[in-house]
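Shared between the two complexes below is subunit A, which pairs with subunit B and subunit C, respectively.
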Partner chain A sequence: MRSILALAVLLAAAPLLIVPLGGYHALLSEMVIFAVFAIGFNLLLGYTGILSFGHAAYFGLAGYTMGLLLIHSALPLWAAMLAGVVVAGMAAVIIGLLIIRKAGIYFAMLTIAFGQMFFFVAMRWKSLTGGEDGLSDIPRKAFFGIDLSSPVRFYYFCAVVCLAAAVVAWRVIHSRFGDVLRAIRENEARSAAIGYDVRRYKLAAFVISALFAAVSGTLYVLLLRYAFPQTMDWIRSGNVVVMSLVGGLGTFSGPIVGATLITFLSNYISFHTKYWQLVMGAVFVVFVMFFPRGIAGYVLEAWRRIRR
Partner chain B sequence: MAFTIFQQVVNGVALGMLLALMAVGLTIVLGLMRVINMAHGALYTLGAYTVVTTFDRWGFFPSLLVAPIAVGVIGLVIEGVLIRPIYQRDPLHTLLLTFGLALIAEDLVRIVWGDAPYPMSPPELLSGILLVGDMPFSKYRLFVIVVSAALMLLTWMFLARTQLGRTILAGTFDREMVRVLGIRINLLFTLVFGLGAALAALAGALASPIRGVFPGMGSSIIMPSFVVVIIGGMGSFGGALIGGLSVGVIISLAVELFPAASDVVVFMLLALVLLVRPRGLFGIEGLLSR
Partner chain C sequence: MSEIFRTEGLSVRFGALAAVDGMDLSIEQGSIHCVIGPNGAGKTTLFNLLTGTIRPSAGRIVFRGEDVTGLKPHELARKGIARSFQITSIFPELTVRENLRLAARAGRASDPEARVREVLEEIELASKASVQAGFMSHGDQRHLDIGIALATSPALLLLDEPTAGMPPHETEGTVALVRRLRDQHGYTVILIEHKMDIVMSISDRITVMRSGKKIAEGTPTQVQADPVVREAYLGGVDPRLSERAHETGAPAEPGPPLLTLEGVSASYGLSQILHDIQLTVRGGEIVALLGRNGAGKTTTLRTIMGLLPPRRGTIRFDGHDITRLSPESVADLGVGLVPEGRRVFANLTVGENLLLPFFMSGVPAVERTSQLRRCFEWFPALVQRKSNRGDQLSGGEQQMVAVARAVVGRRRFLMLDEPSQGLAPRVVNHLAEIILEIRKQGVTVLLVEQNARMALEIADRAYVLEDGRIVHEDAAAVLRENPAVLGKHLVM
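What follows is the complex of A and B.
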């Protein structure tokens, strides 16, 4: 639980540290929002060993659903967010059932294809989604009476959600369910032989991580008050994989480190050059080639050595 | 009506042959090397931009030769320098590596050639239409169909009729066995990756007068190419061809009949194939599913 406490302190203090350094609350919110995405994704990739390259679909689907409800209905914010998450979760169940029998890179390829399907729907269904222009002027209503209109308040809202996400992930990892997921990662055939219904566990991990992506997606749309097709395309799906890898796969703090760092970097770089993809691509290549265990992986190892 | 539908089918066959050229490279690299090459679209883009660059000096047809050679060499270098050191790792790593390369390549194209699309028109000889009876066909599209068909045939003859090609095919079924038989499989990997790159470049070069030349052109073709590979069955040459043709024709017909759904129709086909025949049309049971 020390990690959770440390995270709570960091989240609370972050504005005091970052804002004097020239950061701003919207950027901090974005960093925290992607941390939620990556924390959930790590349950799937890091702990279960399943690679999805299409998770942006659930991120985007939840954001669009919530955005549409906030624009066209009188639902309160919490209900619209919940609806977005539920819709994305149902999509994950349907797609998961269709593809969960496949393993390894075949599975990865299927997730790329189905993820991209949502992108095309958002692009083409103009009357509903606004096509390429997206949905703009999405109202950021109050959350159970708490006004979220100021950037500081919205940041703390995201921070609380992020903390909750971390607690949930912690509980999942340190449960019997989490043990089974790790067993599947280490040896799927053996886990099945002991009597676990491997497919059901994998599907559960897939859907749980999609729910995290969905929560993150609703926050992202609230932050920008804008939903657009690129939230769902394969580049964004790839980004969350990279965040997990750069941070450190299968470590608790890794995805948080990776998400905040990559989000910060890409903002910083895109501020200075329009060719930020070039720089980010180079960072990925260097990490994959030379630091595959990620920042948290190496830091934890160094820490163990020091203590020994 | 029947008239336009027939023409759309011909357009679809042209698109389908281009998709098949893309899918063959993807599927063999996947089958032999277990690498999902996210940079395959970038190689296609580079093929088209090679034509843009050499077009003025050498003309269209010589450029069609230069593109696969230049990009094929790039493919050999990518495999030898970047991918080879990390084969032993999880396939995730090669996937992420090629994802990073795709991002880098797209921005490099923007830096070298700019953001604006290049207008490309077919060469004099192939512009205009050909009347068959009283049906007009675009000469260039017919040319694309003939050339791609010839290329697919050549690739097939290489794979099925030469010693080297048969070794490669054997490797897609069981690469450990091929290795155990004393064949230097790493050389095969490099060769196959280069071949895939050359075919992608040719597809991009051939596509340039039809689909336009712009930095994001690779990202727009890679998704249907992936779908073709899955529908056809991973590692299958015949699957790439049949899958490419069916996806091409279905996209073209959908553009005519239900324009709003033209992109989504492909994924519906994909879902259908997965439900009815999970390994793809020509996929081998068990291959790549571990």
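What follows is the complex of A and C.
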């Protein structure tokens, strides 16, 4: 639980640290939003050992759904966000049921295929989604009467959601359910042999991680007040894989570290060079080759050594 | 006593192979029932059927009076059927206690922690409860594997070679454990085991399998006396084979040593498989390497081939030190290996399979054609199967392709791993003639076999391996007339 407290303090203090250094609140919000995405993704990749390259689909689907409702209906913000998350969750259940029996690379390829399907629908269904132009001028309504129009307030809104997401993930990881997920990652055949319905657990992990992606997606669209097809293409799906790996798979703090660092770096580097993706690629290669356990993995190990 | 478990006509086919064929089993409550049989008889496949990993193509499984055929592994586990694994299957990154807790919860134990404590005592790992499972010794991991099955509080326990890879002193502990489970806790156990002294002392009943079929069943005494069983282990052999062997005979003067192993030891991870192996094969010889399952025969071949670097010792081939060479370099010197289970490429035709050795070696097309032609001369049965895919062949035909593939490309030395496995006696005899023919063409042969009788009919000399050590070496003709040695090391 100390990690949660530390996270709360960091989230509260971040604007005081970053803004004097030349950062801005919107960047902080973006870092925190992707942390939510990565926290959920880590439950799937880090704890259950399932690689998905299509989670941006749920990120984008929730964002679009919420955006459309905010534009075309009088629903309050909380209801539009909830609707976005529910729709994305249902999509994850249906797709998950179809593909969860496949393993490894086949599963990963199918997630790309389904992810790209959503991307192309967003591109082509112009009358609904605005096609390539996306949905712009999405109103950022008040959340239960709390006005979110200022960047500072919106950041703290995202920070609270992120903290809640971390608490939920913590509870999942330290539950019996989380123990079974780890068991499946370590030895799927044996998990089934002692009586766990492996497919159901994997599906649950898939849907839970998609729900985190969906929450993150609604916040992202609210931040930009804009939804566009690239929110759900496979590059964004790949990004969250990178964040998880760089941060440290299967560690609690890893995805938060990875998401904030990658988001910050890509913003910072893209400000200085248009070849920022090249630099990010190099960073990723270095991590996979030389620090496969990610930042959090090595920090935790160093900490254990010091305490000994 | 009453029946707890039965199968009726249980069968499964993999392509052309009937891996388990019409199996009828009846297991008494509270008994230890052993399933034995030569390598490849289908014992582990039977376990996979009983635990739902494989679906049967025909037949029924009845557990406590309920038809459980076709249920998935986790459903069978919840009904109360638990298994351990031949190749250790644990959760290596979790502690011993966490391993057991997962199983106790899966088994819906009313008090999982209490169940974990009971099992820890039972498998004698209480002092290592907080150790990460993957860091334990092989023997401790084997016990944990059984413990995980026990922690689910099953009604029927399936143990797949619980003593696999264990040295004798650890084996005793495991046997005592299995005995305790039945005597003190009333478990019903189905056991696959190869060490015959264990099987004979522990079993209430024994089922003997061969080529997927039940060939005998009864008490240890009945099974031991059954001529069919002895036949299954020693193999049925055409008596004219040794005459043929004599005709095509070994060179009167065996050539200089072609292959020598000096003090070779090898390990897989923590468990040492080979201990100080001394072995010589002279040019033009057929040498047999005999031993029970798990004795280290395949490991010896893998070590020679460079697939498993030895811990200690030297391997020489034709004057070269090949101890640390890669498999490709060993192959380039003219060494061929026909691995166990044949490994014929299912998607390639017979012709394509045979051409594979040429792809990397830059052999001119003319040479390739003439080699192929020679190959079909040796194996005339393959000519009409030339365009058939690997998975359309019978087991015997697959074996011929595997042997042919290993001798094309000018191999001078051929190692065969259990070539007779899963083949009908008639096909085995044909195969033996092929091996003799190959030798006649100047190829030296090292033959690993469980079918000792066939191997000894055609071999010049033989080594017997037991627990990774050479325990006997003699002329094949002498061993043939000496059933005492054979019985001691190979049968029961």
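What we mean here is this: the second predicted complex is superposed on the first by the 308 of 308 C-alpha atoms of A that agree within 3 Å, B and C clash if a C-alpha of one lies under 4 Å from a C-alpha of the other, contacts with A are read in each partner's own complex, and residues count from 1 in each chain.
Here is the rule we use: contacts are C-beta pairs under 8 Å (C-beta built on N, C-alpha and C of every residue); 3 or more make two chains touch, one makes a residue touch a chain.
Small disclaimer: the values here were computed from a predicted structure and weren't measured.
Once chain A of one complex is fitted onto chain A of the other, the partner contacts of A:124 are limited to subunit B, with no touch recorded for subunit C. When the shared chain is aligned, no partner comes close enough to touch A:211: not subunit B, not subunit C.
Once chain A of one complex is fitted onto chain A of the other, the partner contacts of A:101 are limited to subunit B, with no touch recorded for subunit C.
In the superposed model, B is the one of subunit B and subunit C that contacts more residues of subunit A. With both structures placed on the common chain, the touch criterion links A:234 to subunit B but leaves subunit C unconnected. In the superposition on chain A, contact of A:289 is made with subunit B only, not with subunit C.
With both structures placed on the common chain, the touch criterion links A:197 to subunit C but leaves subunit B unconnected.
Within the superposed three-chain model, A:81 lies out of touch with both subunit B and subunit C [touch as defined at top].
In the complex of the two chains, the subunit A residues touching subunit B come out as 45, 51, 53, 98-99, 101-106, 108-110, 112-114, 116-117, 120-121, 123-126, 234-235, 238, 241-242, 245, 275, 277-278, 280-285, 288-289, 292.
By the touch rule above, subunit C contacts subunit A in their complex via residues 51, 53, 72-74, 77-78, 82-83, 85, 89-94, 98, 101-103, 105-107, 148-149, 151-152. Residues of subunit B that touch subunit A in their complex: 30, 34, 36, 38, 82, 85-86, 89, 91-93, 95-97, 99-104, 106-108, 110-111, 219, 223, 226-227, 229-230, 234, 260-264, 267, 270-271, 274-275, 278, 288-290.
Interface residues of subunit A, counted against subunit C in their complex, comprise 176, 179-180, 182-183, 186-187, 189-198.
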